[in-house]
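First up is the structure itself, then whatever we jot down about it.
Labels run A, B and C following the written order; every chain starts at residue 1.
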Amino acid sequence: MESDLLNVTLLSIFVSGTATLLASLLAIPLGCFFGMRKFRGKEVIRTITYTLYGFPPVVAGLVLYILLSNSGPLGSLQLLFTPTAMILAQTLLVVPIVIGLTMSAVSTTSKDYTETAIILGADSWRTARTVIHEARVGIISAVMIGFGRALAEVGAVMLVGGNIQWHTRVLTTAIVLETREGNFGYGLALGAILLTIGMIFFYLMKRYQDKGMLT
Amino acid sequence: MKKNQMIAIAIAAIVILAAFSTWYLIANKDKPVSVILATTTSTQDSGLLDYILPDFNSKYDADVKVIAVGTGQALELGRNGDADVLFVHSPAKEIDFVDQGYGLYRWKVMYNQFVIVGPASDPAGINGTALAKDALGMIYNTGSKFCSRGDQSGTHTAEQKLWTSAGYNYTGITMQSNSSWYLSLGQGMGDTLLTASEKQAYTIVDEATWFNLESGLDLVILVKGDAVLFNQYGVIPVNGTMHPAINEEMGVNFANWVTSPETQAMIANYTLKGNQVFTPNTDRKP
Amino acid sequence: MNAIQAKGISKSYRERKVLKEIDLEVEEGDIFAIIGPSGAGKTTLLRILCSLQPPDSGTVAILGRQISFKATEDLQLRRRMSFISQKPIAFRNSVRENVAYSLKVRGVEDRKEMVDNALQHVGLLDLADNLGMTLSGGELQRMAFARATVYNPEVLILDEFTAHLDPYNIKMLEDALISYQKENGATILTVTHNMFQAKRIARTTAVMLDGQIVEQNDTATIFNNPTDERTGQFVKGEMIF
């Protein structure tokens, strides 16, 4: 049971961490771009991303299941019931959050800092860098919130991962299983591990965030 | 934020990911042939699979991956070619599945019992009733609270059949939108039991789940032993001609194995908190 | 040669004409003040001169070169000038880093001494390692002055740069401005609604009312012998806004 627990915990960190990293790589540049530029349809994008914040994980999981199923269009990739599928599902859930929050962080700082940078002689590339740099506290928060959503999510990984012991069982799906089996105490203990991981991560990011403000 | 700090963090992130990926790949390399078994939560949650599967894995050098879901979802996984073998309990749906060509055949494996549980105060007075349909009639007539899974699971299907056999129009019952006694929850068995306990309502539950959860519940068994409450499990190897990815050979191996005399004996020997839960009764011709 | 030359600048916001065909010439090395009541269009004019926004019509030449009002094309020219706004914003960095920014974007490598000098000039050397955002209003404005002058711009444009400050800070900033001009021979254009400040620091003063420059002359003449009736009222504080 102990190695099982370690396996489940590490897989949780691996899946949610990779998903958050992938989502950030994709969403931070997009969020920065949307946040800095003024263009038609910006409000539409904003509305869509805000709506997707509340996108039910189980629906994301269902959509991905239909795509990855052997009778679905991407069945030949053989990704269903693998950690890769779980990472994809959580990436889908985290991307809108990171885009949306990055976008608002960047548009707020953009208003204040674009002109200051231009006046002091920055070219457009440097101006963009400055704005993003000034928005870093907000962007780090976006990543933190995204990771929190990925780590806590159960509906999507249950569907596309299948909660297979040793393979695709993560903390949240293990909690569902333990609860079903009547092991409420063990389920709660797993919940405590989940919270601890979240707390360690938030603590590290917060420290980094504070440093980002000071230096 | 210094530039080198940024780089350090990026490198740290990549190193961690690389380490995890390596760990994952090592942990999963040289694994035996994987077989995807779609089954119901009751077989997994009862602990039966943990008890019997190691034998299959070692005999066939296989790695059975258990997807424990509702019967409906398990059948759907089979239909989509996402599972190699099904181990479920909804005979009519299983037979349809085979008739439609999705499964090779369906063999009986074992059965367990449903029981009707409710509050010790027993407001409908069903305690000791021999026939389940009489008990349901008494619940209906007294308007006593009843919690239904309401999720089209095997248990829910069995419940619907019971209402029909008791002479009620099941759709009629669920359509009583203002009914305060019939609660369709759309939840798993554990949640349904918890809700029934909180609301002091009646519900139908399989014995395995009951033995697992009863200590935390304020409910007691009131009706058991009626033949209509027997819950038959079947095994179906999925038809491999539908999708190239289906491992039909292993599916067939699994069906042969689970119905073999040795495995049937193991099923009979399995106990949960001191109670035998499943009774083997395969109809496979030797 | 004129350091700043604007011709026929007009600008409207919706129906309201903020600037009406303004012509402005500021000689190289001059300290030039535009005074006038709030809402006269002074800030809009400055933003146009700094290429921060285009006019509806008219042309601007800085140091003999035409401004295109396209950020990329005006870059080289913008780097020879600077602007200090009424409410400067500090980067989330130390005071020193804030000032070094102007040099960094120009690719200047040896920044330490220049930054120290600029900070010394406005009396902020002691606070160099504090966060820019923790400064008081007066300190912040002084930091903005150091940040805007550390690269020795030839043209310095200031918008109400001492508004809402206490006399101590006003004095420091005015002294810094005058000595900067002396040392570098830079051209200074400042906008203020405080005519006493214009009187103290400017050699040339223009009066701007309702989107137009109504009178321009050396500062003493403006204050002592105004030719325009409205100017007279304004400098005597009789004008009702």
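Simple rule for what comes next: a contact is a pair of C-beta atoms (placed from the backbone, for glycine too) under 8 Å apart; a residue touches a chain by one contact, two chains touch by 3 or more.
Everything numeric in this text was worked out from a predicted model, so none of it was measured.
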Message = Which chain has its C-alpha centroid farthest away from the centroid of chain C?
response = B
Inquiry  = I need the chain pair with the most C-beta contacts, please.
reply    = A-B
Request  = When you average C-alpha coordinates per chain, which one falls nearest the overall C-alpha average? Tell me, please.
outcome  = A
Key: Whole-Å gap between the CA centroids of chain B and chain C   = 77
Note = Cα centre of chain A to Cα centre of chain C, whole Å, reads 46
Query = Between chain A and chain B, what is the gap in Å from one C-alpha centre to the other?
reply = 32
Task = Could you tell me which residues belong to chain A and also touch two or more other chains?
result = 212, 215
Inquiry  = Going by the contact rule already set, what residues in chain C reach two or more other chains?
reply    = none
Contacts with 2+ other chains: residues of chain B = none
Ask   = Can you list the residues on chain A that touch chain C in the complex?
value = 112-113, 115-124, 126, 130, 134, 137, 212-215
Inquiry  = Looking at the complex, which residues from chain A come into contact with chain B?
reply    = 7, 10-11, 13-14, 17-18, 21, 69-72, 75-76, 78, 80-81, 83, 133, 136, 162-165, 167, 177, 179-182, 184, 208, 211-212, 215
Task = Using the touch rule from the top, collect the residues of chain C that touch chain A in their complex.
result = 50, 52, 71-72, 75, 78-79, 82-83, 85, 88-89, 91-94, 101-102, 105-106, 131, 147-148, 151
Message = Which residues of chain B touch chain A once you look at their complex with the stated criterion?
response = 1-2, 5, 9, 13, 16-17, 20-21, 23-24, 27-28, 36, 41, 44-45, 47, 65-68, 79-82, 188-190, 209, 212-213, 215-216, 242-243, 245-246
